[in-house]
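Shared chain: chain A. Partners: chain B in the first complex, chain C in the second.
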Partner chain A sequence: MATATAPARASGPGRPPDRGRRNRLDRALPYLLLLPAAVVLGLVSLYPIWAGAHASLTTYLYGRPIAGAGLQNYTDTWHDPVFWQAMWVTLKFVVLAVVIETVLGLALAMLVARDMRGARFIRLSILAPMTVAPVVVGVIWRLIYESQTGFVNPLFSSLGLGAPNVLSHQGSAFYGLVFVDVWEWTPLLFLVCLAGLQSMPQEPLEAAAVDGAKPVRLFFNHTLPLLLPVLAVGVVLRLIDAVGTFDQIFVLTGGGPGTATQLISIYAYNTAFNFTDYGHGAAMLIALLAFALLLVIVALTLMRGAARRVSR
Partner chain B sequence: MTSRGGNSIQVSRRSMLKGAGLGVAAAASGPLMYQACKSDGLNKTGAYDIYVMDDNWVPEFAAGRIVQSLDKLGLKANPDILSKGLDQGYWPPKAGARLKAFANDTPELFALVIIDDCNLLYYDKRQFSSPPKTWDDIYSAMKAKAKPPKLYGWSARGVKGNPVVQTYLPLLNSYGGNFCNDDWSPGFAGPEGVGALERLMSFLPYMSPSTPEFDTDQETALLLQGKCMALTEYTGTAVTEIDNPADSKVVSQIDITNCPSQVKPGPAIGTFICGISSGTKNAEGAVKFLEWFTSSRIQLQFAQEGGSAAVTKSALTDPKAVAKYRWLPAIAQSVQSSTPKPRTPDEPRFEDILGTQLNIALVDALQQKRNYTQIAQKSLNTAKTQMAAVLQQHKNIYF
Partner chain C sequence: MTGRSRYLRWAAIAVAVLFCVFPFIWMLSVSLKRQVDIFAGPTLVPQHPTLGNYSSLFTQYHMGSYLLNSVIVVGVSVLASLVIGTPAAYALARFRLPWGLNDHALFAALVVRMVPPILLVVPFYIILARLGLLDSRLGLIMIYTGINTSFVIWMMQSFLAEIPSDIEDAALVDGDSRMSALRRIILPVASSGLATTAIFAVIATYNDFLIALTMTSTPKAQTVPVGISTLIGKIQVEWGPMAAGGIVGALPILIFAFIVQRHFVRGMTLGAVK
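After this line comes the complex of A and B, so read on.
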């Protein structure tokens, strides 16, 4: 390759004098075209991360930065029992919600991937919750769960189960929020799985079916391994998003009852903006970022392991 | 009064603006307004002349010089303004615990009260033979007459944070406890605080089982539907709802009086209050406007036209205004017998700590239906420990 391109790069008699310059321009052009997007990305994405990291190393008094804090904000965060409680709630919420969403999304995609009557309508219906803004989802479900005027209490009472008062108890409020998240975000996993299933090569599946593979075996030995790369992308996207869940919880419970639904995002928001402890709040959010990355690594490792086991 | 995350402020901006030809003081809902004002004041942009604030912003805004000293600007406060309401604008506070850096400073007026908001007792007069004077009176009445779920004895805000603290404070204060003692130590985990919480828990059998999720709208809905005997709330419920047929099924049936006493009266105060921004380019006009708006003449108009929580004694006791709006004398009485919350920028954090534990206590008490003393003691001790940890973490500004 080097020998093939070297003569073309050399200038010589009869060659237009600006050829070398044009080549340099050709090489630079992709970077120049990328530059505006990179600048915008830097402004809206990297700068806030840098500013957050900087804030986490700063001491504030009455809203003003007054001194460098070193790692004090991180030390305070590390020794804050409420932070660890919020971290535990976040972990429970993320794992439970994403696992249920993945299983449900996959099941629905398997169901709807086949050509059947009304499939298009069903697909569109399943996608609908995802199109609603999270804060609106929070308001809607607040009205549904509300003990005086919502319909969950009357529904349960009419079935003879007693009014659950979902938002009044720590356990039911937590699972109520998981349910809302599942309702809203299962469609994303459904969409990812459906795309994966529809672009999947059919020959291996048909061959296995001809060889007499039962549906369950077909799914675990053929469909799932082929789907795993696509599924991994969906799961990673959901993990990152779920770790930062804020709107619905802020509207629905504000983190209560007690601290039952206080995710790190809610606690960090309160610390930074309600308690005006910006440095401590920023340190929590940097920790949240690290936590999200850790979860993604764990999820990818688990899925790669599963893929290897299945392919064996 | 609301926390920094609370509701928007209902102020007659039209009448305010008419007064001085100034730009809008500030607009938008609680948390947005707080951040906007703070950012404006810190950077001295001069986008706003006056901030309409929640009174718990005053410590941070005054200590951080986000607002200017009204004394230094030459503002003359109307002597007709109720003293307890006026005190909310002083920094450092005239009474109670002070931050270390301001321990020896002479209090200066940094903000001027424009709405005297405080806890009132609302009760359905058909259920009480006379206005209840003590928490024990309330308990006796509900024990005799309440029939949940048709008629609850009591309704309360139980959501964690500011709402449940606003439910608890009138009890705590009246039982002789303190949110914060004069040396900043938490004053709610002793026998007074535990007794106050036990009294609230004794109401639970006569309250909605959904109380831990109740905020003002759910709490007051029960009263306005005629399904509850009594509750404590801020003045807005009286001014805008109880006699409005669109909101209430019990028009003219709800009476309003000062919060019940036990060893003393205990309403909490939470005024709306105005400060002049550090970056204003029209401080003189802003001062004139505040003097005009809090003048006895305008406050009387304020009370007579809408029954609002005026800040002057003459307006709240004016016979013509009182004949039309029966709650005005109760506002005056409550303000003057009120207890302020801790005067520190950390107050929202303290409120969150106490409010989280109170909410947990309510949930536990509703589930267990007994062991109230243990539940109360445990939750208040936890709150005390957490608050002490925050004080220790920020010891350089407290001790």
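After this line comes the complex of A and C, so read on.
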């Protein structure tokens, strides 16, 4: 668990010991400074996780706890085909979206990196999709996809392809949502890659270019390895976020048609809040929490490495 | 750089920029159309531009109270988390605590920030129900303060650690106490870090949907994203007001982001990439 980047600096060594009272106060000071935050963090993290674990071991009927359930909620979840279907949709969604975003973001960053004329404007406009609320993103794409208000159907029709009605078919709805995620989050990977490229030492690259290395080889032998730590940070952060994707899907399809776009987050939400079955909802979420924690630990390890390499 | 590859590069950049911006322009266009024109087929420029959707947003759809709730909830929770989190970040950046406490505290802070909110929603709901704080601004403020505090600790720790400790040592030698050194010397130096942290906390809190959706049920406490989502009714979708709501919801945060774009990467990657 000991992973973060804590810079250890001894507090003012060698001060005269005669200032007794103040010295004692100074020694207690870090703990006094930490105390309020510790209380708050305990209340919003440790306690909810405990409460969630407790709920996952309880049977709920119409939103009221009626009995202890032991591990029943977990075994039910394990044998629930809809749960596994949702897991599969989540996995497909996360992998597909993050891979496309990484490739596009990297490619775009390579294009923009050097000549920086108009870079400010480019950066501003590319920033927009990831800055606005995911609900707004959902609204935007609802307006675009929808048969009555959007331009996707007329566009396809005018090309003689027939109106796709993206969100009303099982197959296309899923890819429509992946497309939205790519629109929203490619900018993040673009910005991360751009930052990595700009902080990269140029000399080895130029030396290799002078030696006659081909651009493609240059990229794979020099640029990519140097960029990897920074890229890893972006990818892992995105992975963690993508696992919890909820807002856009809630607004765009609500998990439908059928269960085609029902990610685990949507399924757990519906179980807990539409069917007021907090027990099963909590059990699914605890299972997902274990997965997310694993990702966080990986992320932290990578970030520590990246911060060390990038900053100086 | 040959001429052809330069054109190719600019073409690719132009496509990317257009791809990012055009959906916003489409939403703006729909928000300025009358209901009949929305269904009259796709046109980018509204034939009869109107602000009717915006005014009905405020007269019929409670946008005013959503905005007020958002401002209050975001303002109070971000301020509280800065006041609570910054001293803790200072303690973690400046003192070596026993039992590896520095690392554990930072890890705990990061877990809260990184874990997808969907995981915490059921427990939050149960807790707020027990406290009788469902559908209240206070309930939202409590949750957001907690989540933001973890973010503030993590970010401010990295900003404060970059400030050389010599400058406050000098103040300490001059007879300042730790607290007054923190207030007089460190905070001014760290002010740009504080601003970056605050702004990212504001963006994340303002944009949150899931927590606000589950913890609130009436315009008394609902925030802007939840308010916008209520326009997508079960039976009928109010396209014009919905688009106008999207514009109203997006505008403050876009302006905010443009102000801090220099710090954007750092804020979005929790300080890992500068």
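Just a few scattered comments:
Throughout what follows, the second predicted complex is superposed on the first by the 249 of 312 C-alpha atoms of A that agree within 3 Å, B and C clash if a C-alpha of one lies under 4 Å from a C-alpha of the other, contacts with A are read in each partner's own complex, and residues count from 1 in each chain.
Operating definition for what follows: a residue touches a chain if its C-beta (ideal position, glycine included) is under 8 Å from a C-beta of that chain, and two chains touch if they have at least 3 such contacts.
Everything numeric in this text was worked out from a predicted model, so none of it was measured.
The larger set of touched chain A residues comes from C, when the choice is between chain B and chain C.
Legend: residue contacts after superposition of the two complexes on their common chain; A:Asn270 is shown touching chain B, with no touch to chain C.
Look at A:Asn221: by the touch rule set out above, it reaches neither chain B nor chain C.
When the shared chain is aligned, chain B comes close enough to touch A:Thr259, but chain C does not.
When the shared chain is aligned, no partner comes close enough to touch A:Gln85: not chain B, not chain C. In the superposition on chain A, contact of A:Gln170 is made with chain B only, not with chain C.
In the superposition on chain A, A:Val192 makes contact with chain C only, not with chain B. Judged by the touch definition given at the top, the superposed model places A:Asp247 against chain C, while chain B stays out of reach.
In the superposition on chain A, A:Gln148 makes contact with both chain B and chain C. On chain A, the surface patch touched by chain B in one complex and by chain C in the other comprises residues 146, 148, 273.
Residues 9, 12-13, 16-17, 19-21, 23-24, 26-27, 30, 38-39, 41-42, 81, 84-85, 87-88, 90-97, 100, 102-112, 114-127, 142-143, 145-147, 149-150, 153, 157-158, 161, 165, 169, 172, 177-179, 203, 206-210, 213-214, 224-226, 228-229, 232, 237, 239, 242-243, 245-246, 249-250, 253-254, 256-258, 261, 264-265, 268-274 of chain C are the ones that touch chain A when the two sit in their complex. Listing the residues of chain B that touch chain A in their complex gives 3-5, 31, 35, 38, 42, 60, 63-64, 66, 159-161, 208-213, 218, 221-222, 345-346, 348-349, 352, 356-357, 359-360, 363, 366-367, 386, 393, 397. Those residues of chain A that touch chain B in the shared complex are 61-64, 76, 82, 146-148, 163, 165, 167-170, 254-259, 270, 273-277. Those residues of chain A whose C-beta lies close enough to touch chain C in the complex are 1-12, 15, 22, 26, 29-31, 33-34, 36-38, 40-41, 43-45, 47-52, 55, 108, 111-112, 115, 120-136, 138-144, 146, 148-151, 154-155, 183, 187-188, 191-192, 194-196, 199, 230, 233-234, 237, 240-241, 243-244, 246-247, 250-251, 265, 268-269, 272-273, 278, 281-282, 285, 288-289, 292-293, 296, 299-300, 303, 306-307, 310-311.
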